[in-house]
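Inspection log for the structure reproduced underneath, given as structure tokens.
Think of it as A, B and C in the order they're written, each chain with its own count starting at 1.
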Amino acid sequence: MRFGLELRGDPALRVSRVATLSQAAPGSLSFLANSRYRKQLPTTRASAVVVGPGDAEACPVATLIGANPYLVYARIAALLHPTAQVAPGIHPTAVVAPDARIAASASVGPLCVIEAGAEIGERVQIGAGCTVLAGARIGADTRLMPRVTLYARVRIGERCLLHTGAVVGADGFGFAPDGGAWVKVPQVGSVRIGDDVEIGANTTIDRGAIEDTIIENGVKLDNQIQVGHNVVIGAHTAIAACTGISGSTSIGQRCMIGGMVGFAGHLTIADDVSITGCSLVSASIRQAGSYSSGMPTVETRAWRRMVAHLRRFGEKER
Amino acid sequence: MRFGLELRGDPALRVSRVATLSQAAPGSLSFLANSRYRKQLPTTRASAVVVGPGDAEACPVATLIGANPYLVYARIAALLHPTAQVAPGIHPTAVVAPDARIAASASVGPLCVIEAGAEIGERVQIGAGCTVLAGARIGADTRLMPRVTLYARVRIGERCLLHTGAVVGADGFGFAPDGGAWVKVPQVGSVRIGDDVEIGANTTIDRGAIEDTIIENGVKLDNQIQVGHNVVIGAHTAIAACTGISGSTSIGQRCMIGGMVGFAGHLTIADDVSITGCSLVSASIRQAGSYSSGMPTVETRAWRRMVAHLRRFGEKER
Amino acid sequence: MRFGLELRGDPALRVSRVATLSQAAPGSLSFLANSRYRKQLPTTRASAVVVGPGDAEACPVATLIGANPYLVYARIAALLHPTAQVAPGIHPTAVVAPDARIAASASVGPLCVIEAGAEIGERVQIGAGCTVLAGARIGADTRLMPRVTLYARVRIGERCLLHTGAVVGADGFGFAPDGGAWVKVPQVGSVRIGDDVEIGANTTIDRGAIEDTIIENGVKLDNQIQVGHNVVIGAHTAIAACTGISGSTSIGQRCMIGGMVGFAGHLTIADDVSITGCSLVSASIRQAGSYSSGMPTVETRAWRRMVAHLRRFGEKER
């Protein structure tokens, strides 16, 4: 088998699309990777289901058995639903500087702006309305969905995917106090993004104050994440939506960060750290493990009593 | 009376604009709906005020008395300040696929991109710089403010209003682990949005992994909300800004969700649930009611004592 | 000395760029303003370093001594790395209403839309793809980076800087309940932004319901901040990323607000208030000082014990 799977059922069976267990119709491939959905397996109408070894017995249809069914599903789904290919070339409404270097195999969509000195690699796809400012560089096979903005001198690696509204390289938030007012600190660094990085819709990654902000290979960023200046995010770390990372914080490799987590600045987070959603990370974390501070909801009346209890310990001289 | 109101004062009186109680000048209509502003009523210079029955006595000018003064105000204000009408037609700078179907009564603003197979209904107004990808559909009388992006195959109902920077249909955040790296799970579902939905600026709604993400009729979403893949939001639910909803969570009808609330994934929230701001919803909520976990600020020194107290209970073997 | 500094070293020394202490090469100017980096001073290869009086002895190279080294650094860096100047004029691909008033010294980038009655002041720079709706005004020397959107009638002061994706003047979130559904309350106010304001990427500032939303002079807003309708932010207040401010809240002057802070609506915050990150401000703050409610992370197992302890106090009849 192509994916290292064991098959139980008709080897000549064909599937043409993916479906959930509960909604599948004949011709569909489904999968079971989350035990929450196990009860849907016996009644599925899918033509075939990818399952782990423990679920094979319960599967009423053709069964593909693998150690990591979600991964297998991902790979088959990518074959069944390939990314739409765009014809190479520069749309006539794009505004492209004469000295921008754009590979002949790349596509630049309508109403894009590509400034002087930008470099667009082989087979890059730039969606409608993207803006690539002076000297920015995009590696081979990277795709920008519509309306992505790269500020000057930003560098994006190969095989990345950036979603609409992503802003890479805006100024970091740096101001020096001057007698009650603020003086802007020039943000002269840039942003370097590795290979195989995905950046979600409306996520913002600020340029460094002096050195660069760095996103290493294989990092996955969900929507509406804020990455401050001079942050480093280690390879293969995944971060869920709405998380904010303050300036100069360094996050290790293979971390898993929940949604709406706040990181203070100038911290160091070890490799293989998990942080659950809605936590505040206000100190460095030196050891791999799982960390939390998100408070779960209760009924509002109960919550008021909990807050009142805790507040007593805020008073002095207890 | 047109709005079912009782009038005390001159029936021939005319107003031409709305104003707050404190800033009103003659010719203005004002209203009192929040008791916080009651003390401004006796000195208002408005020509007329909409009030509830209990406030009529204190009103020094022409008085419109109704059970729901805020609702009455909303309707009169809409008459006094109608939405600017845009002439039908496609701006010559828009880039429109030959097979996009655009109603003759619709308007498409400058520098829009409308891809193949898109369908734009009657009297739809599409602001400058919007992007409507292949096969997306927009129902009658919906308005897109400038720079809204609809990904492929997204469906928007009738009479909706989408604000600038809204992104509907970007990929959900789905990756399968593969030995320390991540493999993208294709996001092959779409987004279906009902009628009379409002979507705020820079709000993002991801497409489903397999089935669709669904926003039902009458839902109101404020700015910078994140809606993950396969979320369902029930009819007439209102959600304040900066809230994030993780994938596959289902929220009931007529819920009121505060700002900056975080929802974990795969939850079920009942109808008629209220959640106060900055709460974390990490488990399903089966009963209507009000729920909270947002911790109110105190002086930083007191807060440190409160945290220190609570931390003692995190130690083992107590 | 031009910046009121004391110099120890060769007055003929020249620097051409800025660098961090640890990465500096000869020809670079560096600075020491955060004691966290003091240990890098003895081994720096910078040609000159700006330090406070207490660090002068430890500096191994030419030393510029000032009371506020970060401020001095900011000013020298601005000289060494000046903002790129853009030639005046309107790009031929911009769509500009005939009656828009654009100063001859201003520049309007490619693919911008400037609607009727807009006013663009002297030396204003408008980046690619910006949208300035009817009657909006921009004061002299303000810069809009690409893809900023100003809704109708918004006013921006002088010397402001707005980053990509900022949306100024979208509708506030106002709906009146009507028997289980919502009726939109027209948002007829606007937004007034003072001078020397910086607005970060993808930040949203809603227009007022009746009166205007107001951002006073010198305010600095980071990325992905949400400012609700009728908010007032006092002069020289700085707000870090991802913070959300609900409608009608008024924040004083010279406040420093951390990231991901949530403000309830209709509050009054005094001048000179600091709020640390991830706090919830649910009541007015009448006195200057520092306030907090962000809960720091601990190991998840310990956190569960802490939550379980607190929950006991939510039960009734204790």
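The criterion applied here is as follows: a residue touches a chain if its C-beta (ideal position, glycine included) is under 8 Å from a C-beta of that chain, and two chains touch if they have at least 3 such contacts.
Fair warning: this is a prediction, and the values are worked out from it, not measured in the lab.
The pairing of subunit A with subunit B is characterised as different-residue: of all residue numbers used at this interface, under half are used by both copies. With rounding to the nearest 5, the Cα superposition of subunit A on subunit C corresponds to a rotation angle of 120 degrees. Centre-to-centre separation of subunit A and subunit B, using mean CA positions: 25 Å.
Looking at subunit C, residues 93, 111, 129, 147, 165, 202, 224, 242, 260, 295-296, 298-299, 303, 310 sit in touch with two or more other chains.
The part of subunit B that touches subunit C in the complex is made up of residues 17-20, 23, 34, 36, 68, 70-71, 73-75, 77-78, 81, 84, 91, 93, 109-111, 127-129, 145-147, 161, 163-165, 196, 198, 200-202, 218, 220, 222-224, 236, 238, 240-242, 254, 259-260, 277-278, 294-301, 303-304, 307, 310-311, 313-316, 318.
Subunit C meets subunit B in the complex at residues 93, 95, 111, 113, 129, 131, 133-134, 147, 149, 151-152, 165, 167, 170-171, 173-178, 180-186, 188, 202, 204, 206, 210-211, 224, 226, 228, 242, 244, 246, 260, 262, 264, 266, 274-276, 279-283, 285, 289-293, 295-296, 298-299, 302-303, 305-306, 308-310.
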